Each structure stands twice: as C-alpha cells, then as structure tokens.
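Following are the structures in question.
Each of the next two complexes has chain A plus one more chain, namely chain B in the first and chain C in the second.
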Partner chain A sequence: MGLRLEPRLAPSARWQAVSVAVALLAALAVSALLLESAGTDVGVAFAAILDGAFGGLRTTAKTLAKATPMILTGLAITVAFRAKVWNIGAEGQLFAGAMASYWLYTLTGPALGMALLPLLFAAGFVGGGLYGGLAGWLRSAFRVNEVLTTVMLNYVILYLLSFLLVGPWRDQSSFYQQSERIDRAAWLPDLWAPGKLHLGFLVAILAAVAIHVVMNRSWFGYEVKAVGLNARAARFKGINVERTAVAVMVLSGGLAGLAGMIQVFGVNHRLESDISLGFGFTGIIIAVLAMLRPGWVVFVAILFGGFENGGIKMQVATGAPSAIVSAIEAITLLFFLTAAALTRFRIVWRST
Partner chain B sequence: MGDLFTDTIVISVLAATIRIATPLILAALGELIAERAGILNLGVEGTMLMAAFAAFIGAYATGSTLMALLLAVLAGMAMSFIMVFMAATLKVEQVVTGLALNLLAAGMSLYLYKAFFAVEGQAMPTVAVMPVAPIPFLSEIPYIGPILFTQKVLTYVALLMVPVVWFFLYRTKYGLEIRCLGENPKAIDTKGMSVSLRQYGAVMAGGALCGLAGAFVTIGSSARFVPDITNGRGWLALVIVIAANWRPSGILIAALVFAFLDALQLQIQGIGVQMPYQIFLALPYVLAIVLMVLKSRRGRSEEPARLGVPYFRGER
Partner chain C sequence: MQPFLKVDQVTKRFHKVVANDRVSFDVMPGEIHCLLGENGAGKSTIAECIYGFYKPDEGTITVQGNPAGLTSPRDAIARGIGMVHQHFVLVSSMTVLENIVIGTDAARPILDLKAAAARIREIGRRYDVDIDLEARIWQLPVGQQQWVEILKALFQGARLLIMDEPTAVLTPQEARRLFQIFREMTADGLSVILISHKFDDVMQSDRVTVLRRAKVIGTVNTRETTKEALTNMMVGRSVELRVKRDEHPRGAPVLEVRDLRAANDFGTEKLSGIDLTVHRGEIVGIAGVAGNGQGELFEALIGARKTRGGSIRLDGADITGRSPAEIQRMGMGYIPDDRFADGLVGDYDIQSNLILGHHRREPFARRGLLQFRAIRDFARKAIEELEIKAPSETTRTRSLSGGNAQKVIVAREFAQATKVILANQPSRGLDVGVIEYMHERLLEKRRNDFGILLASEELDELLGLADRIVVIFKGRILGEFAAGTADIERIGLLMAGQETAGKAEEIS
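== the complex of A and B ==
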C-alpha cells in the first residue's frame, strides 16, 4: 500500500494551469518565510518590490531596460534547449559579444557615428556566436559534453576580460578594472530618456519575433525541434544532427552576444565585468519557465526585470538584501519543474 | 644552499597539491557514485556551495568542527535529495534540475549570508580553520612526511575514500547493484529490487561526500565565507569524473593534476614572477576542455550507458 505516480496518457490542461499557479504561490510563500526569518516585514518588502518594478511609467520603463539583456539570453537558451543542446555558457557568450563589439569600437573610434551601430551589433552577434559555436563544434566533432565545455568557457572568458582590462584596454585614469568610457556618439540612442530605455529593448523584441518565426515557421526550426525530440529519429530522417547542433550553438551564442553588446553601448557605456549580473544564468530560468516559447520569454524576462529593480527598492525600504530575488527565481524554477512533472502523472493509491 | 631552497619549494608545492586536491577528490567520488547509478548530478557546484555555507554556520554557531562537518554533510544530502527526487521519482530532465540546484544554492547562500552575517559597518565574521594534524612518526619521514602526512584530517579522509569507494563499487553486492543501475536498470527491476530506492541511496551518499568537499572549502581552508566561494570546483569535479573514465583511481590522478596546476600557480605568484596571473587562473578550465577532447579520442569509454536517462517500468 502506498502512493504511486502513474504516467498520464495525455497531459491535462486544467492541472497544468493549476500547478503552475500553485508553484508560483509556493515560491512566494518560501520567499516570505526567508524574509520573515531575517526579521523583515514581509508586507512592506513585497509592496516595495512591486512598487520598484511597475510603480509608475518611469519605473516600468526602467524595468523594460533591465529586462532587455534577459530577453536575449532567455531567447539564447530557448533556441539551444529546444534542440536539447544544453548551453550553460550564455554568460560567457554575452561577454564574448561585448568584447568583440568593444574591440571593433577601439579600431574604428566613434567617428562613424550612427553608421557604426549596425556594425557593432554584428560584431556582438559574431563574437558570441563564435564562442558558442566553439562549444558546439567540440560537441559535434569530439562528442564532448557541451554542458561542461560551456561552463569552462564561462570561466576562461572572464579571466581573458580581466587580463584585457588590466592590460591593453585599461582605463588609465581609474583604479577599477574597466575600459575607458565610450564616446557619446557611439551610445545606443534612447527610446525614452527619462526611463533610460534605449534602442536595445526594441532590438530584443525584434529578436523575439524573429526567433518565433524561425523556430515555428522555418525548416531550420523544424530540424531543431526534431533533433530535440529524438536525435536518432532525426538522423534517420536525413537531418545532419551534428551540423544542426553547431548552428544552434552559433545562433544561441549570437543572441547572448547581442545582449553583451547592448549592455556595453546602451547601459554601462564602457567594458567592465559589471555589464552582466548573471544574465546568462537567469536566462536559463526564464527560458524554462517560458516553456521555451519566445513570446513567453519576453513576458517572463520583463517580470524578472521587475524583480531585479524591485529588489533594489526593497533593500532600500527594509534593509533586507536584494539577493533574495535570485533565491526567489531559483525556488520558482524548482517548484515549476516539480509542478510541470506532476501534471504528467497522476497520483494513485495502490494496495499491493 | 641552492638545493635546500629548491627542496623546500618542491615540498611546499607538492603538499599544496594534496591539500588543494582534497575537495576535488571528495566531490568527484561523490559524483562518481551518483553517475554509476545513472543519475547525472550537475548540481555538484551548488551542493558544495550549500555545504560550505552550512559548515561555516555550524563552526560559527557552535565552534565545533564536528558539528560543522555534520551540518555540511546534512546540507549535501538535502541538496542531493532534491536532485534524486526530481530525477528518479518525477523524471524531470536531469540537466535542468542540476542547474536549478546551482542557481538555488547561489541565491540562497548569498541571501542568507547577507541577511545574517554581512552586517553593514561590522567586521566580517570569522571561524577557526581546521588545524593541520601531522600523523606521528609518518610525518617525520623526509620528503614524504611533510607532503603526505602533515595535512588536515579531511585530506586523509579524502585519500582514504578512494580505495573505500573502489571497494564499495567493485567488491560489494550494493556496489554491483549500483553499477548495474547505470547500465541496465531493468535487470534490477526484474529481480524485484527497487530501482529508485538504490538511486536515492547512491545520490545521497554522493551528496554526503560533496558535503565534506564543501566543508573543506570553508572551514578546511578559510576563516571567512565569501559568496560563490566554491568558484567552479564542483564543475571541475564533473570534468574529473570524465577524465578519470568513471574509475576511482583515475579520479585520484585527475584531481592531483588539476591541483598541481593550481599549486604551481600559487607558488609562481608567490615568488613574484612577472606573468599575467589571469593566464594561470584560466589554465585549469582550458586543461579541462583539452582533457575531455583527448578522452573522447582514445580507448573504450566506461561512461554508464544510462547516464541521465530516467527509467520507466515497461519501457523497451
């Protein structure tokens, strides 16, 4: 006699909706406990998060700006995970894109003005794409697990960045590891200056639309899906699984690289390690919560952008560390995975 | 005089190698047991980080090393319980679950540390670091004594665990059953034995070893806790398992190679050689990729056939 899980023949839509809601509530409850245990007034804290996220037009615009790199890394992970290519290196690819675009900038200078921007975007995409493609190639040519190579490459690029920022790209006037400030002529133009919303947000939205079309309406998207569902069957069908995996990693890395370029030229206005607050890793949570759908990625990323900004407001209001936000995000992911799994089963009592 | 100088340096580098290898050996052995049971636990880094934090709390609150180790082991087992529950019972994609654990540990430890320890305007809290425990007589042997037998207790434990885990996996009934889970779980199921029960046992035993590995990172080496203190050691442990071709003896060798590189780097920096230190810091990760490529090109792989594949009764 005992509880058993039996697979459902078809997932029940009703239970799927219910369980996702329960997962969110459970994550909120755990977060409330975490805040409470540190002596924080939970009501005040949650109100501050909400206010700092979406309280007013200007805050909302700032949330959209914060969400921008996360939309792109979320899309990067979406593309890869759809093919069951486990790219954990969006963080490193983001930096590769940032470094490639900054390198181009050091070569050309700001003289080109607006004409430079498309080139910078291209450099960001290529930089991230090559770095992602490297892991894809290692996987396809040598059957090396891409999870581990992408993680290793994350560490490698951060040390390379640190080397460049104390060496050739160093800002001589500063004590910190950072490059010189980028000339204003090469900044991403503002969409709405008071909310610090820049062109990058529009690019991220366009990228989401493009990825949606490519993934759902193109032959390549079909191949990616086929490889993800059953690589063996895809091979029998004549799909070159190895080549698809490399292409997926290039596209995925390129999207992450765009995020890096946008942070350098739209937000930080210089190259430094602060251009990412772990966006490559948050992208994993976002993509999984969005069930690998580009439209939902945008939605979840904006929600998370709100969390990040709201967390800072909460820290000011209550003194509780804003790191609670990363804890909330990870807990939500775990509860979501549990809930999503449970919808595939039904719980039955067995008296054997 | 010159000889004496080089001798001291060689001994200090090799002793540091053994010390630095300690958490790598423990974590890699823990991961090996889980992977042999067919569960790919990518949450090693997070498991170590939570355990490192738990050990720090234990040492801070009680001042007792034993309590700190106990807490670390419990934290390691709790984290791996989540892993195996999601993997064996709910059959969630193991890669995603492992990553979720890492993100959970990073967020939780950072929040809890900042909420309870890093109080603004106060000195960072410290704990007593485990003392070196020289083994009587053996530690007096020239060369070998200061290298092998003048270490901390956890280091001796780590070195002992290599033959212990080997014996368990290759010479006991339970070890055989666990190895069978990674190759052909149906065989276990057909005999009326529980697949998931054994997977829980294997993954949580591995989690306990990861817990000890995490404890060594804090109370074994550092008086302070800093966010993300494990700094990729858990990921290196995963690489070590592959480079070792899923064998305990290989784990010892691979862990020593990585540790030697790190020890050499510390020594060179200490002498003050003018080289960009970032190159040395990046080297283990580059070496990890090279090792995995080399590994793929030669010989028969001992990788468990069912690694990361959930078992469903009634499958074909």
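== the complex of A and C ==
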C-alpha cells in the first residue's frame, strides 16, 4: 500500500488554473500563520507589503528597478534550463559581467560619456558570457557536471573580486572593500528620476522580448529546446548537442552579466560585493515559477521586486523581521512547485 | 471438464478509453491458449487483469470455479497464475537460484537455498529444462533467462502461465525449444496463455481468442483455422500478407562498410569488424537477435557513435567520423528502432518533429527565424499523404500511437534522405495496416534507386522484402543469403552463432 504518482494523460488548462489559484491561497494561508506566530497583525502586514510594493507610482517604479536584475537572471536561468543545462552560477556570471564592465570603465574613464554605455553593456554581456561559457565548455568537452562547476565558479569569482577590491581596484579613501565611485557621466541615465528607475529596466524588458523571440521563433531556440527535451533524438538528427550547451551557457551567462553591469552603473555606482543580493539564485526561483517562459519571468520578477520593497515596508509597519519575507517567498515557491507537479501527475492510493 | 480459468464479461476502462469491452474466454487445463490481436486491441490489459495487476471495472475472473477477486499479482500467484513479461524482471548480477527464490515464500529471513534448489532441479527435470542454478543471469543467453522466469513461476506453484510475446527475443530454434517446454507442461495439466502476433507461434496453440478494439471477435480451434482467417478476424479485413517485391535491377554500391568496429556506451566492443555493401535499388536485410550490435551499427552509420576502426563510404565518399548533420546532408536517412527515445522529440508537436534536421533550411527557416507557415503547410501535406491520425499538426507526438508516430518519422526521413535509408526494426509493435504501408513505402524507395538497410527480428519480414539477407551475431556478419536461397533454418542457426551453418551455400 502506498501513495504513487501517475502521469496525467492530458493536463487540462482548467486544472492548471485551479491548481495555481489553490497554490496561491495556500501560500497566503501558511504565510499568514507564520506572521501570526511571529506576533504580527496579519492584515497590517499584508497591507504593508502590498503598499510598499505597488502603492503608488513612485513605489511601483522602485519595485521595477528592484526587479531589473532579477528579470535578467531569471532569463539567464530560463535559457539554460530549457536546454536542461543546470546553470546554478548566474550569481558568479553576474559578478563576472560587473567586473568586465568596470574593467572597461577603468581603461576608458568617463570621457566618452554616453558613447561608452553600449560598450559597457557589451562588456557586461561578454564577461558573464565567457564565465558561463567556461562551465559550458567543461561540460561539453570533458563531461564535467555543470552544477558543480557553476557553483564552484561562484566562489572563485567572489574571491577574485575580493582580491581586486583590496588590491588594484580599491577605493583608497574608504575603509570598505569597494571600488571608487563611478563618475556620474558614466551612470545609466534615469528613465524616471523620482522612482530611481534607470535605463537598465528598459534593457531588461528588451532582453525579455529578444529571448522570447529567440526561444520561440528562431532555429536556435528550436535546437535548445530539442536538446533539453530529447538530446538523443536531437543528436541523431544532426544537432550538435555539445556546441548547443556551450552556446546556451554563453547566452545565459551573458544575460546574468548584463544584470551585474546594470547594478554597478545603474544602482550602486561602484563595484562592490553588495551589487547582488543573491539575484543569481533568486533567478532560479523566478525562472522555475515562470515555468521557463520569458514573458512570465518579467511578471514574476516584478512580483519579487515588490516583495523586496514591501518587506521593508512591512518591517517598518509591524516590526516583524524582514527575513519573514524571504520565508514567504520560499513558501510560495514550494506551493507553486507542488501545484506544477500536480498538473502533470496525480496522486493515486493503491494497494500492492 | 472444468476450465482452469474463466474470464467472464470483463470490462476495463482507463479514464474514457475502454481497453477491454466485455471480454470473455476460458482456458482449459493442459491447453495453450493464444490471445491474438493488433497493438492496442487489449491483449496485455486482459492479461494484467488475470495477473491481478489491474482490477476489472466489471465482470468476473474465475479460477477453478471460484471467483478469484484478484487485487494484486500476489493473489494471482497464490491461485496458481504466473506471468512472464516481455522484459524479464531478473537481477543480472545474482544467480539463477537466487533469482528464482527472491520474493517467494521460500525467501524467509533465513534462506533454505538447498531445499529450494532441490525443488527447482526437480521441476527442471520434469519439464526437461536444464539450467545451471549457480550461473549468474548475465552469463546466460536470453533464451535461458526466459527459462529462469518460467522456472520461477512454476516454483511458486503456477498452474497457468501467461507468456507475453515470448518469442520476440528468440531465434527460431530457441522458439521451438520453448514450445517443447510448453508441451511438456501442458501434458502435465498446466495451461499457457500465449500473447503473440507471430503466426508461427499462434499456429502452435490449441485455441486462439482474437481481440479487436477491446472486444473478443471470437475463439477458434487452431487446427480448424488458417493464418488468413485469423488475420481477417484480427484486422477486420483481408490483408495481403506477402508484399509484392517486383524484380528491380540493382545499381552501383551506395553504402560500403568495411571492417567497422565500435563499442557501446560502456566501452564494450559491440561491432567487431562489420563488412557490408548496399547497392542502389536494393534492400539488404539484417537478421539477428536483438542486442547483437544492430543498434551500434546504425548509430555508427549515421555518425552518432564513434568508430574504433574501419570505414564507411556513402556513394563513394568516405563518411567515417563525420557528424550526423554532415552525413544526413549527404543523403542518409534513419528510422530508429525506439521511435520515442531516438526518433522524436515527444514534447514537440508533429510539425516541429517533421522539420527536425531540416529546421535551419529554407523554406523552414529564413535569417535564423522559423517560418511557421511553410512548416505548417509541409506538415499538413505530410499528415494528409501518410494518413497520420492526429487532431492537427500541433498535436504533441508523445500522444500519438506507435503507428502514427512511426509515420511522422517515415515522412521526415523519406523527405530528407536522397540516397540511403536505414531502418532498424521499422515495424516493431505496429499494426498490420501500418506495417503493410511501411513495406510498400520501402519498396517504393527501392524502385526509386535508394539503397536500403533493414534490420528486423521478424524473419518473415526480411524474407519478404530483402534482396539479400545477412546475419549479425556478436558484432560480426556471419552469413549472407540471396533472397531466393535464404533458408530459415540456417539463418536461425547463424543467429545463434553457429558459424558453420551458413557456409555451405553462402554467396559472396
């Protein structure tokens, strides 16, 4: 006797909608319990989260700015996971992109002004892309598991950053491990200054559109998905599975690298380890919740951006620790993953 | 005499699909009873009901006059029903004895292997099955692994043995030996339910129950019927069993394989020097028991498996070591044996699978972007031409039946190939109608001067289609026969590795 999972023959759209709704409600309920147990007024807390996230134009703009790097890392993961290449290293690739663009900036200085921006974007993409490509190449050439390499490369790049920030790139005037402040001339221009919404958001949206087109309209995306769905059949029909994996890691790393560059030149305005609050890892959650669809990645990332801002507001309003917000995010993820599994399988009680 | 087993009005549904619709038949003691039907006719479902794996929605199953009320295979075994599945359930690193005793009542915390061994030897003597109980499963040929399964069922006290496609993996000689064992058993009052679609097997049974579309069409005495009559019942129309292979002059060599060597994924040598030539306008058949290197040979030919030596020439050009993409561009098409694992991207729809391999080319792609209109038009044409049964071109191939999935692959490969078609077990698991269609299309390609290399476990298929038949055994070609001179007996012996058998009239 026992519980077994049996695949559903045809997951219906209605069932999918129902399960997502149920997951959302269940996540809310459990989150409410958590807040309650922390001695927080649940109603006040939820209202504060909502208000802090989307309560007005300015807060919404701030939420979009917060979401920007997560859109890009979410897209990075989406591309990789579509090919069943398990890139857990978007965090490291983000830093690689940030460092590459900062390196270019140290070479040119701010003199070029706006003309420098495209170059900085390119540097961010190339830096992250090369770093991701390294793991892809190790996988394809030597069959090294990319989960291990990408995770370990996260540490490698962080220590390299640490070394550079106490060495050649150190801000001599500061006690902290950080670079000098970037000249205002090289900052990403604001889209809407009061909301601190910068050009990076537009770039992230454009990237989402581009990835959508690549994945769904181009032969490259067709090959990526074919490799992910059935690598054997893809290989038999002439698709170079190894080369595709490398290309996917370059693209994935490049997107994460863009996020790093955007944080340095749009938000922090200097190179420091604080440019990422684990966006590379949050990207995994976002991509999975978005079921690896670029359009949904944007949506989910904005929700997560809202959570970040709303969490701060909730903390102020109720005194509950902001860690609860992370817990709520995790709870939501668990329920959604369960819902996703239940749309494809059903639980059967059978005696054996 | 009371039947050992009586199946009465059994209905089994899966969701909305009715797999068995009021199925009734009975099995007498000492009878070999054959269940005949096309794929999806409900043979396996009813067998699994009798074995207690599925619970019928309606109807009763009676064993020796008592309603069985089976809820699990354990119940079935307790009532004397054993089943040997098509894919054996044996632990290959353990001995024959251990495999037989495992999971039985004899497997108490403290094993009394000696007593068990004595009983198994006794059973073996009785039915003339001679097997080394201390041998490990992996050391045994497939035919003997099957005996282990049978012994296990008998050891558990089976009075009725359900055999699912038992001869699929056997040489003709091994199959004959198996039926001898069945006869020894039935002489002892035991019964056999034989699930098969091979007429060589069917005709050796006592009675045949024919299933079509979940229903029993009828039960007949084997002695009083013919292949043709049974086919008629099975398909619902008369079918030309022999394909018409007209004379066609063969042309220049188009595929030349010399001393080809390759290993499987674990590094074990599976091809030990294959020599093979296929000419234009010729079908060369490869006979052999599954696992003798056929899969590795085809993969090496399409460039998906590294070779360790030898050469492959396609229309004169050396393609050894080239990539699958290059080899396909040069005109090779491949119909793999495992349709869903090797031939299709199951979660892609029909149209996406139809362009696989040509997806970068005009008119399917332009400037890097897929041209969905051209893709759809191509797919609709293929669906119409090949009569692929599917709601639309955007139906996922995973949801297609084996026959329709095969048609998608055939449509694609026939559209892409220009010189050579490789087909590995192209009719495995397909209905008569689709097989007929496959054969016609292969012969049509032969008329169009393609070179065709066809591997099949069905000797009848090879005898009907091939201009020449070669036998593969342990990665070597053992013999070669021209269509007219091929003799099932000698092919069978070569399939079992008896090298001298084919020598006498081997042609070169």
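The rule we apply is simple: the second predicted complex is superposed on the first by the 340 of 352 C-alpha atoms of A that agree within 3 Å, B and C clash if a C-alpha of one lies under 4 Å from a C-alpha of the other, contacts with A are read in each partner's own complex, and residues count from 1 in each chain.
Definition applied: contacts are C-beta pairs under 8 Å (C-beta built on N, C-alpha and C of every residue); 3 or more make two chains touch, one makes a residue touch a chain.
Everything quoted here is computed from the prediction, not taken from an experiment.
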| item | value |
| --- | --- |
| Three-chain arrangement built on chain A, chain B and chain C clash or fit | fit |
| Which superposed partner A:Val151 touches (first chain B, second chain C, both, neither) | first |
| First, second, both or neither for A:Arg232, with chain B first and chain C second | second |
| Chain B versus chain C as contact partner of A:Asn240, first or second or both or neither | second |
| Vertex chain A, arms to chain B and chain C (CA centres, degrees, nearest 10) | 70 |
| Chain B versus chain C as contact partner of A:Glu223, first or second or both or neither | second |
| Touching partner for A:Ile331 - first (chain B), second (chain C), both, neither | first |
| Most chain A residues touched (candidates chain B, chain C) | B |
| Nearest Cα pair across chain B and chain C, whole Å | 5 |
| Shared chain A contacts, counted only where both chain B and chain C touch the same residue | none |
| Of all residues in chain A, those that touch chain C in their complex | 9-10, 213, 217-220, 222-223, 225-226, 229-230, 232-240, 351-352 |
| Chain A partner contacts - residues on chain B that touch it in the complex | 42, 82, 86, 89-92, 95-97, 99-101, 103-104, 106-108, 110-112, 114-116, 118, 232, 235, 238-239, 242, 276, 278-279, 281-282, 285-286, 288-289, 292-293, 296-297, 312 |
| Chain A contact footprint on chain C (complex, rising order) | 15, 71-72, 299, 302, 304, 323-326, 328-329, 334, 336, 341-348, 352, 356-357, 359-360, 364-365, 368-370, 399 |
| Complex interface listing, chain A residues touching chain B | 5, 7, 34, 37-38, 86, 88, 138, 142-145, 147-149, 151-153, 155-156, 159-160, 162-163, 166-167, 278, 281, 284-285, 288, 320-321, 323-331, 333-334, 337-338, 340-342, 344-345 |
